[in-house]
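You will see two complexes here that share chain A, one where it goes with chain B and one where it goes with chain C.
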Partner chain A sequence: MIGFVPAVTAFGYSVPQTVVLVFVALVVGLLLAVQFYLTIGLSVYRSVKQTRRDRVESELRGELLDRLFAEDPDWEAWVSDLSSVERDVVESLLDEHLRELDGTEAETLRGLGDALEIPEHAGRRLEAGDEYERLHALTWLTLLRRPGPYLDSSFEPRTPRERASVVTLLEQTDRLADEETGIAILLDGIDAQFTVFGQDTLYRVARRDPAPLLRTASEAYQTWPEPLLGQVLAVCAQLETSVRDGELAWIVAVLETGTEATRAAAADALASFGWRASLRYRSFLERAVNDPSPRVRNAVYGMLASWGDRAALDVLQQALAEETDPSALTAGMTALARRQDHFETDPGVMLGAAWDWSLEHVEYDRLARRAETRKVR
Partner chain B sequence: MTSVLVVDDDETIRQLVIHRLEASGYEVRACKDGREAADLLDGECKPDLIVLDVMMPRLNGTRLARMVRNGELSVRPDLPIVMLTSRGREEHVLEGFEAGVDDYISKPFRSSELLARIKRRIGA
Partner chain C sequence: MHTLAHLVATVVFAFGVFAVSLYALINVGYLLLHALALLELRDSVRESRWDPPFRKFASPFYPGIGVVVPAYNEAETIAESVQSMLSLNYPELEVVVVNDGSTDRTLEQLIDTFDLESVDAEVPFEVPAEEIHDVYRSTTYEELLVVDKENGGKSDALNAGLWLTEMPLFCAVDADTIIDRDALLSLVRPFLNEPTTAVASGGVIRVANASTIEDGVVKETALPKTGLPGIQVMEYLRAFYSGRLGLNRVNGLILISGAFGLFRTDVVQEIGGYRHDTITEDFDIVVRLHRYLKEHDRTYTVDFVPEPVAWTEVPSKLRVLSRQRRRWFRGMVETIVTHRRMLFNRRYGRVGTVILPFFVAAETVGRLVEGLGYVLLPLAWYFGLLDIEFFLVFVLLTTGFGVFLSWFGVFSEVWSFNRYDSPWQILRLLWYGVLENVGYRQWRAFIAWRGLFEYLRGVDTWGAMERAGFTTEDD
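Coming up: the complex of A and B.
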């Protein structure tokens, strides 16, 4: 009896399935073998490279420190005698030491960067490299305090990371004309959120003068993606500085029409500008405390308690009497309890047992903090 | 010879401070973290001053300073301590002074300033 042999048919040819399976197994085996040898080869290469670096690092570190504290470091003479591996190691050492040293010692060390021609390389990377290389170049120029190659190049930052790096470079080298310029580099035409470093850069620039940030946000906030808008609002919440009335209208608009996350962020931002009377018209406050999201109401309660004036606390007290969400109620009560000195009549009459619990909680928290301070001493 | 114990988990800082102090005539020992330093100070090591980082694995600098001041280690409790703190972490300075450190220096720093502060405490 002749057994049935399954076959695979394609393009008019019929090949036994066993042959196909053997072929596939051979190809997979070959690929695995190639991957294995590539992995081993790469590991050996990296190990050899690291060993060569380790072998020279200690000696080069000593030489670098000797020259750093010498009368004349003569970096050029030293660098001209270095092999490519040694130059690589010296570059790493320079990076490490520039981050730790300050003043004249750091300035002396920057001469080593010039001798290694790092600013020139950075300039070329800015013109021709990919984003990683451009960021690497900007970091070096900042560490070396050499803005020249960036200023002379045609490079324009596009991504949020590049924008933040350029502003940091200009700021650190006193080449940032003003805060308006910094905000323009950071935010003009931006379409993605910042990294933590970028957000911190935005804060540093806005802290010196918040007006350009608030003006730009007022004009462009509707075009920004939600995460970026949240970051800008988070920066605003930390500014705690006086700004003109009109520049906050966009935050009020976000609180009324934004997404849940941005509405909550807007309430946090408004909490820091609470002194202005124009924000406190009752109908606005009542709309805010009636937000459908407990998370937003939570932030709004914090905002009202942070303002701490009679009208805001009245609205807050009224809202808490009707609050049904436990987490928003707890947060709102705690915020209100911290303002207990501002009440002429006892809010407990309206708020009931939750108020007593919050008062006790706030008092316990205060005692615990005092105890912690005493323990540290 | 006047001796200094340098305690920092950062290799760059450690080597830099060792180099600078040795070149100025101090005998220097170094530790990579607070625990190693505590063990050393509880043994035969009796330095004239400690240069101490704040944030370190196993045992941080503030805790180590407090152990010295409380007499928990076999060194004199009034051993001078200069603390290295990071710029922007001013709360560490307050914690350090509360723990009993004598002086502090913020990173990034000038090694000549650190040297001057050490000399003011224990002389060359």
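Coming up: the complex of A and C.
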């Protein structure tokens, strides 16, 4: 802008700089015009669509609920009279209610899904759509408890999310042959971690019988990426069931040799399987409570408190007396304080101020929980 | 005399070349960032529209979150704010309110409303904050903890909270921020998808000035009718839907708003918590996380999630806005100076070699150069060095491109979550996009210089935020 060379030269041609700038300004102007109309156009389109939906939604919701509680909902007759906007709104309402209702009402509502031909559409989306299309299709089939279109299709789940959706569909419709099959769909050849939905699905399947999961993990855990291993261990931590010693060896191995995150997850997992002879070795416990990571020690303290027997609590008490990390110390103390009824002598003598602090907080937790229970009643 | 004129001409010419080159560089960068943001937004929108068929509240896999709320003289609103935070939809939640030496009835309000009792036992570990007078527990809300401490500023209060929460994640929230009920369920997503690497995630801050708030929930979204808050709506949309989304695409997010961010508690404790000697603790903490984790060769992610929303009241008076923006600028300069070793340093990966230098060029140097330009232009004209025709075209071009980038934010809003659902509101937003580049932008350049002078003079005050209060249904 200030004393510039007045021309731009390229390939032997010389163009005045102002011409170049005017050209660029025209391009920017054109872009602005396109952007303006695109934004306003899209806004008007979405607004009109929303207004049309809002106009009919309340009436359709009322009609849907009336029919739901009528002796014969006659969904087909109702659906055949609906416009495309109304069908769209009814689909949304159906989705909303199917996620909230159980039992007979939910079963009656599923008839509306059939009347709207959602299973047929879902079947087509499974074959032709992209990943999100397929996920939406599987979700609809699960909500409607209609596994048919999936079973009839050639669709094979490829991503962790698709695997989880397929297992959920089969599990919710009692079409899962056994837990082994569910675990195989979820974990065989997988090279990426799950979303929380996938993890929850794995948990729901493993809760019915943890053996296949523990077996698969024992064979394949070394090949899994760290986040996936962490997720499987977190699932194990929720199982709270009795299993044979041999099936836990891989978790012990992770606790001894894994990364910080997986070591902590392994300690959480061992907490849920209870105190067992194979873990009684003092050297193993000492290594665990002396882990260099406060995060892992925190989890190990939780594990020992969860086992809750005399020997475990003794090791825990000793470890806490020497703990220097504040978060590990408080978490360990809180876990120990929840086991206060297991002590004949007051551990406060050995543990000092931290014990009083944790004990008082555990008392307040109980007090508030009782007040909340009274409120609910 | 002739030599002086020649010197002035040389300086002005050199400045012109530098300014135009910098402008071109910054805008090409922004254009790339906006393109990346569109791709990221497309993915986020598709992700958010798929609701998997499981019951989130029954799932045991959501990590616990401690919501840390620093409060200083918030007696008027604290009870409602805390009640609103206790009502957030999240499976495992703890709310830690830190009364930072308030001189009004903030603490008494909390004690009365939530049946608080003082914990007799001393805090058994060192907390890197000013002296803690008392810790309170509620006899009716298990998830509430209140800390009463000596005044030490926001960073100090946040440190007290993050050392006292037992949750693996903590969410730093301003006491006057309204969080959407389901926001934490979305904000936690990076920690669920990348459980071993995610260390921080940030959500969108929106302007609540004209929206209707009832029982701590935004009932109706509306665009402020006055210019100043309106322009800030535009500014926030551009910053979040373009800047942060684009940076997120390349794992280069270097700023998470202090009003709403989620962090891994142990990692923030590991780096010593928030620094006390900074006035933009939110910027500093994220840059320090990058720096520390890179220096320790750790794999990590810092994410931005465009869906979860927190609402805040923005200044509606120019005087207050000026004070806020000067503070932001001082803090930005201070953080950059503190972490200058990261600039162009390959050890810090993309953040050190590209993102931080670009940020410095665009948000710090760029604004100062722009401000200087407004001073030098009359000089250049006086000395006959200004090609008026060229200048006019250039101004049109820069303004047009600025508007184009601002409108990008509006388009992203309409295309994605469309909270301002009336086309009239969108039309007004587009108008604010023009105003942002004609008048407001020049004012910001002026404020940047004032902020720089204050930084050089060592000014470190926060200044009070004057609030008109949220709109309720009764209003």
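Just so it is clear, the second predicted complex is superposed on the first by the 286 of 377 C-alpha atoms of A that agree within 3 Å, B and C clash if a C-alpha of one lies under 4 Å from a C-alpha of the other, contacts with A are read in each partner's own complex, and residues count from 1 in each chain.
Rule of thumb we're sticking to: a residue touches a chain if its C-beta (ideal position, glycine included) is under 8 Å from a C-beta of that chain, and two chains touch if they have at least 3 such contacts.
Given the structure is predicted, the values throughout are model-derived calculations rather than measurements.
Touching more residues of chain A than its counterpart among chain B and chain C is C. Once the two complexes are laid over each other on the shared chain, residue contacts for A:Y281 go to neither chain B nor chain C. In the superposed model, A:R295 makes contact with chain C only, not with chain B. In the superposition on chain A, contact is made by A:R99 with both chain B and chain C. By the touch criterion defined above, A:G62 reaches chain B but does not reach chain C. Judged by the touch definition given at the top, the superposed model places A:Q231 against chain C, while chain B stays out of reach.
Once chain A of one complex is fitted onto chain A of the other, the partner contacts of A:Y37 are absent, as it touches neither chain B nor chain C. Where the contact sets of chain A with chain B and with chain C meet, they give residues 99. Within the complex formed with chain C, the residues of chain A that make contact are 1-4, 6, 17-18, 21-22, 24-25, 28-29, 31-32, 35-36, 38-40, 42-44, 46-47, 50, 99, 132, 135-136, 139, 142-143, 161, 164-165, 168, 172, 193, 195-197, 199-201, 203, 226-227, 230-231, 234, 238, 259, 261-262, 294-295, 326-327, 329-331, 333-334, 352-354, 356-357, 359-361, 364-365, 367-369, 371-372, 375.
On the chain C side of its complex with chain A, the touching residues are 9, 12-13, 15-16, 20, 46, 49-54, 56, 59-62, 117, 119-127, 137-142, 163, 166, 192-197, 265-266, 269, 376-377, 380, 385-387, 389-391, 393-394, 396-397, 400-401, 403-404, 407-408, 410-411, 414-415, 418, 421-423, 426-427, 430. For chain A in complex with chain B, the residues that touch the partner chain are 61-62, 65-66, 69, 93, 96-97, 99-106, 376-377.
The part of chain B that touches chain A in the complex is made up of residues 10, 12-13, 15-16, 19-20, 23, 95, 98, 107-113.
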